[in-house]
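Everything on this sheet refers to the single structure shown next.
Order as written gives the chain letters A, B, C and D; numbering starts at 1 within each chain.
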């Protein structure tokens, strides 16, 4: 807030309005996505002679898909929070790239419900993976755009931080790609790969923190 | 924040409370509308001998309607963000005009789900168009009201900017009107017109940016 | 922000945290309530030989109930915004009175959907009215609590403003009470009374504005 | 805001970004959870010869489960608001502990709908209790984490306040545990225990306020 003259800042902030509303809107979208996931959990109708306990057992895959999706959406949100902690101004491109990023994230509850109902169907596994890959892709594009426009940031990132950031943002897509590729002949393994993603993520962040060169990036990622 | 005496500003801001809560409320409404669109995507029940892939093919129109509606709602939100970046105070008329603007926008998920289920029915095409036209109309009225009360704005807009703003805000209604008019005898063309709306919008904004006289308006529109 | 010593203010604001989160939470609840009203509008299944236009005609009462409920929830929100524009601090009683006020407001979408499906059933009319009366009642209590604790407000209201405020906040309950009372033998009239409520409200506010003594209260009400 | 040098604060706040977005996101999640509870209330289909009044009588347990769950979610939110009024900075652990706390809270609407449909089934009573116990557990962990890292707080809590805080945060789990334990052989008593929880809570807070040593903790709890 020091470099520009005060009046210039005011004029610029009036036109660009800062990231305030984009963040409020995005937090709202994330809050809704993460919460409507639970709407997939429906009170089961009891079949004849079936106990409630048995009926609830039938929706166990849906419950697991809910928990995994909750954590994955949480990962996207924590990334968004870290990334935009660096952002001072936004322009129309950033607004629309952010909306395009939210589009596949909003589809996660649908993909999760398909997976919850058909957990070993390769089609369900493909959809879940493709949605996550598209979300990751738009996340990388948004990240890349922001890092390429240091005028929008509080502090220009170093070249190294920029490269590492892109690699880290893109990394999950590789795991999802493998899960999609093996879904046809090893659906259970594919499913396990999605389910282990939050664990892989936490392990990966912990690993990065052990090396001083990647420690800061690890903080950003979380 | 300079012209008025400090105590006057405080009194006025206490009574009018600034646009803060209106924006928080509006962002919440937009976040919910854009997210519940996805609730229309439902896990299909498999018919006998039908594969999941085939069943998902059946909901493709619903998916397309979801993506288009997501982008259209996004357009309304980005417009709202730009328009209210100029707003310093609001009065009760602005509050209610804003609520009336949100009313048709809140109906978009319903109109989208009708269109997704009956994509070539002229009635579905009419409803979708009418909802968008009403939303555009209230948007124009809200825009017009704010520009007519420079005391509510940070900076009074020039006469030219005001006229251009109204034209730009009203322009989409013409496209929707054509789509409604032709729905009876050319439903596919009508559908394509809705689907091309986001592209038309981005092309139009890009066009405006090439001319220095309309460049600022293009920024406001996005 | 002038009377207290700076450190005292900080300590007090830390403990009480100001109304910030209460407002964010309340705006979120209102945004969701006003938006999920539209979920009652469902794509009709076509009966045999029935056109989409006819099927949509069947859900017209639901649509009318949606519009009325949207405006009524909007009235509660605009009241909340005006009332809390005066609030500087909140305590635990205010937090819980606010939650109790939100409870019946959250039931409005349910009451609206019952009314939309059974628009001339006296039971549906009773439920709709009782929910609105309870919401109005808690609104009066919350209003009364805040006005009774001037330490929570930016400015202590005059005795006259306090009395007028209570009367105005309670007034709609009378209309709802009449609508409930006549529901058994004149359901259509009862329905019309609910539907005319937003018009009555706007007319009433306009009336208050003509008299200088009630002008400020009219501003607060809107 | 006084101890650190100004530039250090800026750098730290950029990286940690303060609790702002976490609170916005959390308020959004709570607002949605508390509001979608009402979606469990569905307009009943009338059986042959059944009046609307009778049909609504059938969903009375669902309504009671809605009110109780609304108050319980409100209790978690008021706790969150009090706890984070002390928080100045957050780190990635706090972000993830907060997400893990929100996970079981998001399941409350599902547990409430199972309980509403099968109010005297021990399985439904078990699920409701386990969800509340897990939510309370994560709340205790989050609380414990924040109190253990005074660098994240505005003011380091006294050792006594810390211990009392943990006990108070954990206390509801005991009640829920009893309700779960007796669900098999005394389902009605178990149900009553859940239903009396809000009353127990308010009584407990009132009790704490009578003793000067626990008065401040009572304020925090509410």
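Methods note: a contact is a pair of C-beta atoms (placed from the backbone, for glycine too) under 8 Å apart; a residue touches a chain by one contact, two chains touch by 3 or more.
Keep in mind it's a predicted model, so treat the numbers as computed, not measured.
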{"item": "Turn needed to bring chain A onto chain D - CA fit, degrees, nearest 5", "value": "90"}
{"item": "Longest centre-to-centre distance from chain B, chain (CA-based)", "value": "D"}
{"item": "Numbering shared by both copies at the chain D-chain C contact, with half separating same from different", "value": "different"}
{"item": "Chain B and chain C, separation of their C-alpha mean positions in angstrom", "value": "26"}
{"item": "Distance between chain centroids, defined by C-alpha means - chain A, chain C (Å)", "value": "36"}
{"item": "Multi-partner residues of chain B (at least 2 other chains)", "value": "24, 27-28, 31-32, 36, 39"}
{"item": "Chain D - residues contacting chain C, complex", "value": "23-24, 27-28, 30-32, 34-39, 41, 43, 51-53, 56, 67, 70-71, 74, 77-78, 81-82, 84-86, 154-155, 205, 219, 222"}
{"item": "Chain C-touching residues of chain B, taken from the complex the two chains share", "value": "14-17, 21-22, 24-25, 27-29, 31-33, 36, 39, 92, 95-96, 99, 102-103, 106-107, 109-110, 113-114, 117-118, 121, 123-124, 127"}
